[in-house]
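There are two complexes below, and they share chain A, which is joined by chain B in the first and by chain C in the second.
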Partner chain A sequence: MNFLRNSLSIAGKDLRSELRGKETINASLSFALVILLLFSFAFDPGSDLVRDISGGLLWLVYAFSSALILNRSFARELPNDCLDALLASPVSGAELFFGKSLANFTLLLGVEIVCLPVFGIFYDVRWAQRPGLLFLVLVLGTWVLTVIGTMFSALTVNLRLRELMLPALVYPMIIPAMMGAIQLTTVLVSGQPIGKDNQFWFKVLIGMDIIFTLLGIALADVVLVG
Partner chain B sequence: MDAVSVEGVWKYFGDFPALRDVTIRAERGSCLALIGRNGAGKTTLLRILAGLSSPAKGRISVFGGGAREQSTRRKIGYLGHGIGIYDELSAFENLRLFAKLYGVTDAPGRAKTWLERVGLGHVHEGLPREFSRGMRQRLAVARAFLHEPDLMILDEPFTALDDRAIAVLQEILKRAMSDGRTVIMSTHQLREALELATDVALINRGKLAFAGKRSQAMLDDSGWLYRNYGEA
Partner chain C sequence: MRERILYILAAVALALFLWNLQTIFKVLPDEANQGPIYRIVYFHVPSIFTGFTLFFVALVSSIGYLWTKDLRWDGVAAGATEVGLAFASVVLVTGMIWARIIWGIWWTWDARLTSMLICWLLYAGYLMLRRAVDEPAQRARLSAALSIFAFADVIVVWKSIEWFRTQHPQPVLSIRNGGGMAPGMEAPIYLNYLVMLILSAILVILRLRQENIKREIDALRRFAHAL
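Up next, the complex of A and B:
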């Protein structure tokens, strides 16, 4: 209970700070919309090609825009040495990591949901044919992106080149999850049923969600304090 | 029983030894003033005591437990160089957050009480970025000690404080000591610190040069310690 209560306090604090300043969410959302717009010039909207690569397009946009949210996650603790104040409190590294992951997940999922209808309009794709399953894929894929990104955000928080280092470290780690999310999103946006071969990708996503959440919780104290 | 026990602690930054075989004890209810020049290792030692850094060698015991143990940290209040306050949250929201994290039962009530105590009750909904430096520092004092910790660790607490903030801090520290709490602080302001201190430790280039009870000679002449035990 303590774990969840402290994690929710951290998440609430991050979300309240973000909603008051709206720095990260505005930057991430506008960046995502600009990439969607730019990609739309490269492809013929409504074509079979766009439908075939729709999952890839969408998750590339999500991965790029997530870097802005994840970079700020621990960096927002640097002014006034707030990270020291948190680490000196009885909050464990695991609670801090999990709380920050929850806040990042909420922000990123919000950006993704806003981007979906824009994606549908720009690329003439009927994305809402199987909304329930698509939402499930978004949740599973976004959580992997979030937990890995939050962990590396903690690891790179004191680096001067953290804005560059974070994507360089996170993107290779999320490749299997991205493959799964892209494959499943493409199938769902095309209105096809999820076949047995595609169910494998659900297992990959769920497996990575569990493994990286547990790894993050186990390693958070070592990463933050050493 | 000792509140804090530091035995043979070494800490390196790269190859540089920031702390060299430091051994200090602080009794319960005492006030230990850590004195030393810039870069002597005072902050490094305080960060290790607060559980923010690990020693390379040696043992730390705070109330019989490790400094990183959750139950130990509940008993420690740490006021470092930074104020540890979120500029986007109001003064009240900041204190309520830390009261919750320290497991205080009535977090909003405790936050309000401490805002009044440090003279910020009238600006409880104000954002810290709009506060003066003295007000921010008083808010930081409230943030660090609102859970009534048994051990209060303060790093250069009187630096850049106005008269009112110094008075607030001294009142809080005196009351804490009369309640039997332990205080460890590093400082350059020898006069303010020695008025409160029961014990004094001088650190010189990472090594403990002197540790003992505060004497009248120290009070009468603040340069006495450096002349007798510090570097020339």
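Up next, the complex of A and C:
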């Protein structure tokens, strides 16, 4: 219980400071929109092709814009030695990690939900045919992305070249989850039924959610405190 | 004494390798369908066995480091990953050469190829991370955590890509599902695996020694600064 309360207070602190400054959310949102715009030059934006690759396009946008949010997650604690103060506080490394994951998750999910209708309008894709399931895929996929990303944000926070290291480490790591999220999103957006084949991808997503949340909580103290 | 053991091991490995080469090139006939190029399998398959053995060793030593905080474990993990990555590169390159001859293309996004490439990228990231951290204890700690993450991921990658790619049947897969090799043709694969394991052990030990010397020099340098 204590674990959850402490994590939530960390998440609350992060979200509060983000909502007051709006540094990362603005950057990440406008970056996402720019990528959405760039896609229109890569292929014919009105064709049926867009529906077939919509999952891939959306998740590429999400993965790219997540890098901005994740990079700042721990780096924003560096000025004034806030990170040391946080580690010296009664909050454990695991709680700090989990709280920050929750905050990043909320921010990224917000960016994703804003991007969906924009994508739908620009590329004539009817994304809201099964909103409940689509939301579930977004939640499951985004959690893998943020939990692995937050872990690596903590891992790289004190390195030179932090901004370069994070995407190079995170993207290969999230590939299985991305494949699942892409496959399911494409199916949902293009209105096909979710067959038996695709149920496998829910298992992959849920499995990765559980494995990497547990690994992250187990290793957070090692990474942050030593 | 230790030096001598390494030389003896190397000599044994070399002798086994030469004998094996003679079997592969002189004794064994060309394969019925593929011709001489099939011989690349004697380097390709043992390399992947060796690579994965080394990545597993790296995982165990990473856990060992986190458990004991002894930097020697970190040295083993670093050495094993470096040598493992070299073998992983051999796997990719030999595979591409074979594919060029048999399939006519260097690369195809088949399940195993894709998984191997991701695996390679993950461990290349590990070595990149090591270069970016200066302080030895911090480097050991962070890279141990990464190694554990990477190994967990490799397992998921392997399972899920197989599923992802084979949903769309591809002609290339039928080649792999063909019958097994004749018994006499299979033995050199295992013998080469043994040779590569011995070679890796030698390389990891040399690398470990290098790390120890490096630590000693660092300590001396700090001492000199203090003076």
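Brief remarks on what is shown
Keep this in mind: the second predicted complex is superposed on the first by the 225 of 226 C-alpha atoms of A that agree within 3 Å, B and C clash if a C-alpha of one lies under 4 Å from a C-alpha of the other, contacts with A are read in each partner's own complex, and residues count from 1 in each chain.
In the analysis below, a residue touches a chain if its C-beta (ideal position, glycine included) is under 8 Å from a C-beta of that chain, and two chains touch if they have at least 3 such contacts.
Keep in mind that this is a model prediction, so the values were computed, not measured.
In the superposition on chain A, A:N6 contacts chain B only, with no contact to chain C. When the two structures are aligned on the shared chain, A:A85 is found in touch with chain B, with no touch to chain C.
By the touch criterion defined above, A:A42 reaches neither chain B nor chain C.
Residue contacts after overlaying the shared chain place A:V204 against chain C, while chain B stays out of touching range. Using the contact criterion defined above for the overlaid structures, shared-chain residue A:G226 touches chain B and also reaches chain C.
In the superposed model, A:M151 lies in contact with chain C only, and not with chain B. Touching of chain A by both chain B and chain C, each in its own complex, is seen for residues 226.
Per the touch definition, chain A reaches chain B in the complex via residues 2, 5-6, 9, 13, 16-17, 20-21, 79-82, 84-92, 221, 225-226. Interface residues of chain C facing chain A in the complex, by the touch rule stated above, are 66, 118, 121-122, 125, 128-129, 132-133, 137-138, 141-142, 144-146, 148-150, 152-153, 156-157, 159-161, 163-164, 167.
Listed in rising order, the residues of chain B touching chain A in the complex are 47, 50-54, 68, 70-71, 73-74, 76, 78, 80-89, 93, 97-98, 100-103, 143-144.
On the chain A side of its complex with chain C, the touching residues are 148, 151, 155-156, 158-161, 165, 168-169, 172-173, 175-176, 179-180, 183, 197, 200, 204, 207-208, 211-212, 215, 219, 222-223, 226.
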